[in-house]
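The same subunit A turns up in both complexes below, where it pairs with subunit B and then with subunit C.
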Partner chain A sequence: MEKENITAKDRIKSVLTKVWKAIVGFLYKYRYFWKKLGIAVLTLAFSTIVIFFIIRLIPGDIVREYALSLASSRNIPYDEAYRLAVSLLNYDPEESIFLQFFRYVGGLFRGELGVSLYNEDITANLLIKQRLPWTLFISSVSLLISFLLGTWLGSLMARKRNGAADTAISSYIVVSGSIPDYLMGLLLVLIFAYTWKIFPSQGNYDAFYSEPGWNFKFFYDVLRHAFLPVAAYVFVQTGTWTLMMRGSSIGVLGEDYISAAKARGLSERTITRKYLKRNAMLPLVTSLAVSFAALFGGSPLMESIFNYPGIGLELSARIGLKDYFVVQGIMFFTSSMVILVNLITDSIYSLIDPRVRKE
Partner chain B sequence: MENVIEIRNVTIDYKLKRYDIRAITDVSLDIKRGKITALVGESGSGKTTLSSAILQCISTPGEVTAGSIKFFGKDGSETDVCACNNHQINKFRWEKVSMVFQAAQSALNPVMTVFEQFEETVREHRMGWDKKRIEERTKEVLEDVKLDADRVMKAYPHELSGGMKQRVMIAFALIFEPELIILDEPTTALDVITQDYIFKILQRINREKGISMLLMTHDIGVVAKFADYVGVMYAGRLMEYGDIRTVFKQRRHPYTAGLIGSTPSLIGSLDDMKPIEGNPPDLRDLPKGCVFSPRCPYRTDKCTEKEPEDYIKDGCLLKCTRYGE
Partner chain C sequence: MENAKVKEFFTSLKRAACEAGRSVADFFKKVFQNKKAATGFCILMLFVLMAIFGPLIFPYDPTVDYENRYAPFSWQHIFGTDNLGRDVFRQLVAGSGSVLTIALLTGVFTVFIGVFLGILSGYAGGVVDKVIQGVTNIVLTIPSFPVMLVLAAIFTIEDPFTFALVLSAWSWAGLCRAVRAQVMSLRERDFIQICKVMKMSRTHIIVKELMPNIASYILINFIMTMRSAITGSVGIMMLGLAAYDPTNWGSMLSNAQAQGLVNPKVIPVLLVPLVTIIIFQAGAILFSNGLDEILNPRLRIG
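Entry: the complex of A and B
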């Protein structure tokens, strides 16, 4: 009886040791990832604090300003307007800034990013849900196109150095590089929307023409509306990618493995695809990830030119309104996305470059 | 003796914007089947340019402007390397003549495993081998160079040591069992023990498989030990060519004598070492007459008048006025 007890105890002990070893082994195996994760969490915490206080630094008292506008629009005395403003606004001016901060962080843990000062139905979550898809749609499509186009042109330039194509693309890069994207947007609107009337100048889709849903008409309408903003982005961004790829490709072309591949009788196509492009793209992937992460903030200028209902346009409007709770919520979301995307890129970079793989 | 490569009056120019550089001037050379032929000479003497001309992969903007390079196959076929079109030359490369590069340390694609690169080369050559056959052949050649095939096949280049990469490149050159392997300083950047080890492997491959080799090196000791024939190059010209015993024993050409005399010996005193005075000439501004004449201890007026022809003496080629007539 006694003996069996001991063996049972031992068995439990050995099982526990095994589990413990497995946990430690698991932690150890991914130790680089844990370290990166820890850094990411710290960065996020720090950015949350910075965002919160920086927004409060915007000059002006929100209740006072709202009261002033109420007083002038309703033609009532200022004191009355102030009381009205306090009751209308979803904001307690008596609440200390630290209490606000803890309420904000508490909300973040519940997944609530913030409620608008002006309207309790408008929340940061809702705005992100409505606006972010449009921003991501436009900007990721243009990023993808300009990246693919840029890497293609860049490697072509490197291979046919000093040829006609090289010169032509160089001049394009100089031109596109010296035109800011919003100006390009205005130019495109002027040419395609006002003069030729081929593409719509603003909005994301025409509510009179098509109904949102999974139907062809709606897709067609969305694509037509997206064309000009995407074209403006692509025109401006492609040059940068091309230049980066050209420089990187020239470096790779000088590598010994390129001439060795040629001597092995590999075709020009294979060498370009598997030797030149793959190796030359490696340093660009990091930049691609950074650019992709930056998309989550949207581009207020471009979105306002095309009146495109993206997150950037919304954010700039809300900053103008001093809608503290919504702005800090959206900014928290944007920064957490940047951090997350960087974390993911860091972790999967080893998939494309075996040299970073750690045992 | 049968030749595998016949180089006839080849001239190679690097065409630059402002001037041309003549890297190889009127060189004729036979590479004997089944033998190890060595080319020695100082840096910039044109060894690499001449050898890459055989594979038609001289680095741009270099090109063969005169002469011909002919390849003779075991099966009696004859290929004019310079007259091949793209498709033909890609087929010729590696299947008939392969090469081990000077910079073997970086001659492998860093983002592909060793086996992926072997497999890719086989597939590009449309040999019609299935995956199993490619695997078997890869294993075979890797074991030929004394590598742990199973481990090396799955490895990325950066996971291998310098000596291992060098052997992988030799194995790579063997994959189609070509008739000639060009070895462009195959052991630079390796320690002497590994050097010797690699040369032993190469010698064994040469003897067992009868693969001809063209070896380029600065190391006179290695040439004396392993080569059957030797060519001495200087300023883009072949100064002397012949079988190793005659060339090294008789030291007829002043430049050959200088090269051998400047090699340190393990047993002799260092004082016996005599460097060749002066520097190799600038290819854009060659001396009149014999290119070696400014550094030559036996210089006569005749040397500076006219460039010497190729004289044949006891089956050896000598480009020196002293052996004329």
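Entry: the complex of A and C
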């Protein structure tokens, strides 16, 4: 009887140790990932704090300012306006900043990024849901086009150094680098929307022309409106990708396997496609991911030039309105996206390339 | 006795000045041998001359002249006049000083913070490194332009100094990281190790051994920071968050844009500052690319 008991205990013990070892082994195997995850969570926590307190530094008492504007617009005495402002604003001036902070963090855990000061129906979640697709649409399309175009031009430049194509492309790189993207947008609007009147100058679609939905007319309208911003982005961004791809390709061209492929008599097209481009593009993928993460913040200037209802335009407008809760919500969302995308790229990269894990 | 000392001091000073002069002359000789660097340098110098002497030759008169609204290009008004009849070219000249000051100060602040933290983090290592890298990570994660907008709202921008602080407060992180990487690789090299073995002081190693090796990198970054400072400052001005100087190129742009681009007469008023900014940026890029070719020998082979 006692013996059996002991064996049962032993069995449980052995199972437990096995499970324990499996957990430890699992943790140990991915220890670099856990470390990265920890750092990411820590960075996110600190950036939340930084964002919260930076926004609180904006001077001026919002309740007072809102009360003043109410008093002048409704023609009522200031005291009454102040009381009205307190009741209208979604903000308690008596609440201490630390209490506000904890309430904000509590909301984050529930997935609520923040409610507008001026209107309880407007939340950061809602704004992100409405505005982000437009931003992501134009910016990811242009990122993709400029990446493909840039890698093509870059490998062309690396293969034909000191040729006519090289000179042409390198002067293009200088020109594209000299024009800030929003000024390029302004130039394109000037030429194509106001002088030639081929493309619309602003907005995401024309409500008089088409109705949102899955119809061809709407798609055509959206594409027509997106053309100019996308063209401006592509013109400016392609240069950077070309330059990066050129550097990377020159490195790859010096490798032995390229010489070996040449010695084997493979055609130049095959070498470019199968050996050069694939290997030279690998280091660029990280930059692509980083650029993609940056898209989640939108581009306030570009979107304001085209009056495109993206997240960047909304954010800059809300900063102007001092809509604290919405601003911090959107900024939190953007930085968490940056952290998340970086974490994913890092992890994938360390899975692909074991050398990275050692660092 | 004292006379001799003074004499000695002056001769050594003279020698140092000669040496510095020679190295500067050497540098310029190299710059003018490189076509890109020479072009870029000339463009930048033109802007500097315009900022310093321009306002003396072409003083700007901000009085409104309704008779001469939207005047075309002429000898009297080289680039025409704007919606209130003010000379566009003279506005451009008057604004160049403020634009360049903002760019220069931003470059100085950004490079100072970035290089200081980068060297500290790369050379000290340990906890200092971890803390600085943590801060850098946070700065890199939070999108910079919204932060600039918030900072512009916090410090009401009324002078180039504040503007430069706002612009550089969130843009040093990339440079800091790059400098750290360079310092970390240099630290393991033989000449630094020898200095350490010889028990040379830390200041000596950093100032005399490390700095010259990253000087070219810093110089190039300084120019590129100036360039992006102009992009950023013009952007902030176009959003109307720093409307303190009506002749600044950014204000000129936003002013022209506010007139409505539908009016074809506005187009030259808008295009003039826009093209000026592009030329300045092109000059900065050419100069820094040329410098990169001169100062980084490994690129010359490629």
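Simple rule for what comes next: the second predicted complex is superposed on the first by the 338 of 359 C-alpha atoms of A that agree within 3 Å, B and C clash if a C-alpha of one lies under 4 Å from a C-alpha of the other, contacts with A are read in each partner's own complex, and residues count from 1 in each chain.
To be clear about the criterion, contacts are C-beta pairs under 8 Å (C-beta built on N, C-alpha and C of every residue); 3 or more make two chains touch, one makes a residue touch a chain.
It should be emphasised that the depicted structure is a prediction, and the values quoted were computed from it without experimental measurement.
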- Mind checking subunit B and subunit C on superposed subunit A, clash or fit? fit
- Now for A:315: first (subunit B), second (subunit C), both, or neither, which partner does it touch? second
- Quick one: classify A:335 as touching subunit B (first), subunit C (second), both or neither. second
- Query: Now for A:324: first (subunit B), second (subunit C), both, or neither, which partner does it touch?
  - Reply: neither
- Task: Would you mind checking which one, subunit B or subunit C, touches more residues on subunit A?
- Result: C
- Message: Is A:104 touching anything from subunit B or subunit C once the two structures are fitted on A? First, second, both or neither.
- Response: neither
- Query: A:50 contacts which: subunit B (first), subunit C (second), both, neither?
  - Reply: second
- Task: Go through the superposed model and pick first if A:186 touches only subunit B, second if only subunit C, both, or neither.
- Result: second
- Is A:241 in contact with subunit B, with subunit C, with both, or with neither (first, second, both, neither)? neither
- Query: For the overlay built on chain A, what is the smallest gap between any CA atom of subunit B and any CA atom of subunit C, in Å?
  - Reply: 13
- Message: Just to be sure I follow: which residues of subunit A are touched by subunit B in one complex and then by subunit C in the other one?
- Response: none
- Query: For subunit A, which residues count as touching subunit B in their complex?
  - Reply: 255-257, 259-267, 270, 274-275, 278-279, 282, 352-355
- Which of the residues in subunit B end up touching subunit A in this complex? 52, 55, 57, 59, 89-95, 98-99, 101, 103, 105-113, 120-121, 124-125, 156, 158, 172
- Query: For subunit C, which residues are in contact with subunit A within the complex?
  - Reply: 134, 137-138, 140-143, 145-147, 149-151, 153-154, 231, 234-235, 238-239, 241, 253, 257, 261-262, 264, 267, 270-271, 274, 277-279, 281-282, 285-286, 289, 302
- Per the touch rule, the subunit A residues reaching subunit C in their complex are 39, 42-44, 46-47, 50-51, 54-55, 57-59, 174-175, 177-180, 182-183, 186-187, 189-190, 193-195, 201, 250, 294, 297, 299-301, 304, 312, 315-316, 319-320, 322, 327, 330-331, 334-335, 338-339, 342
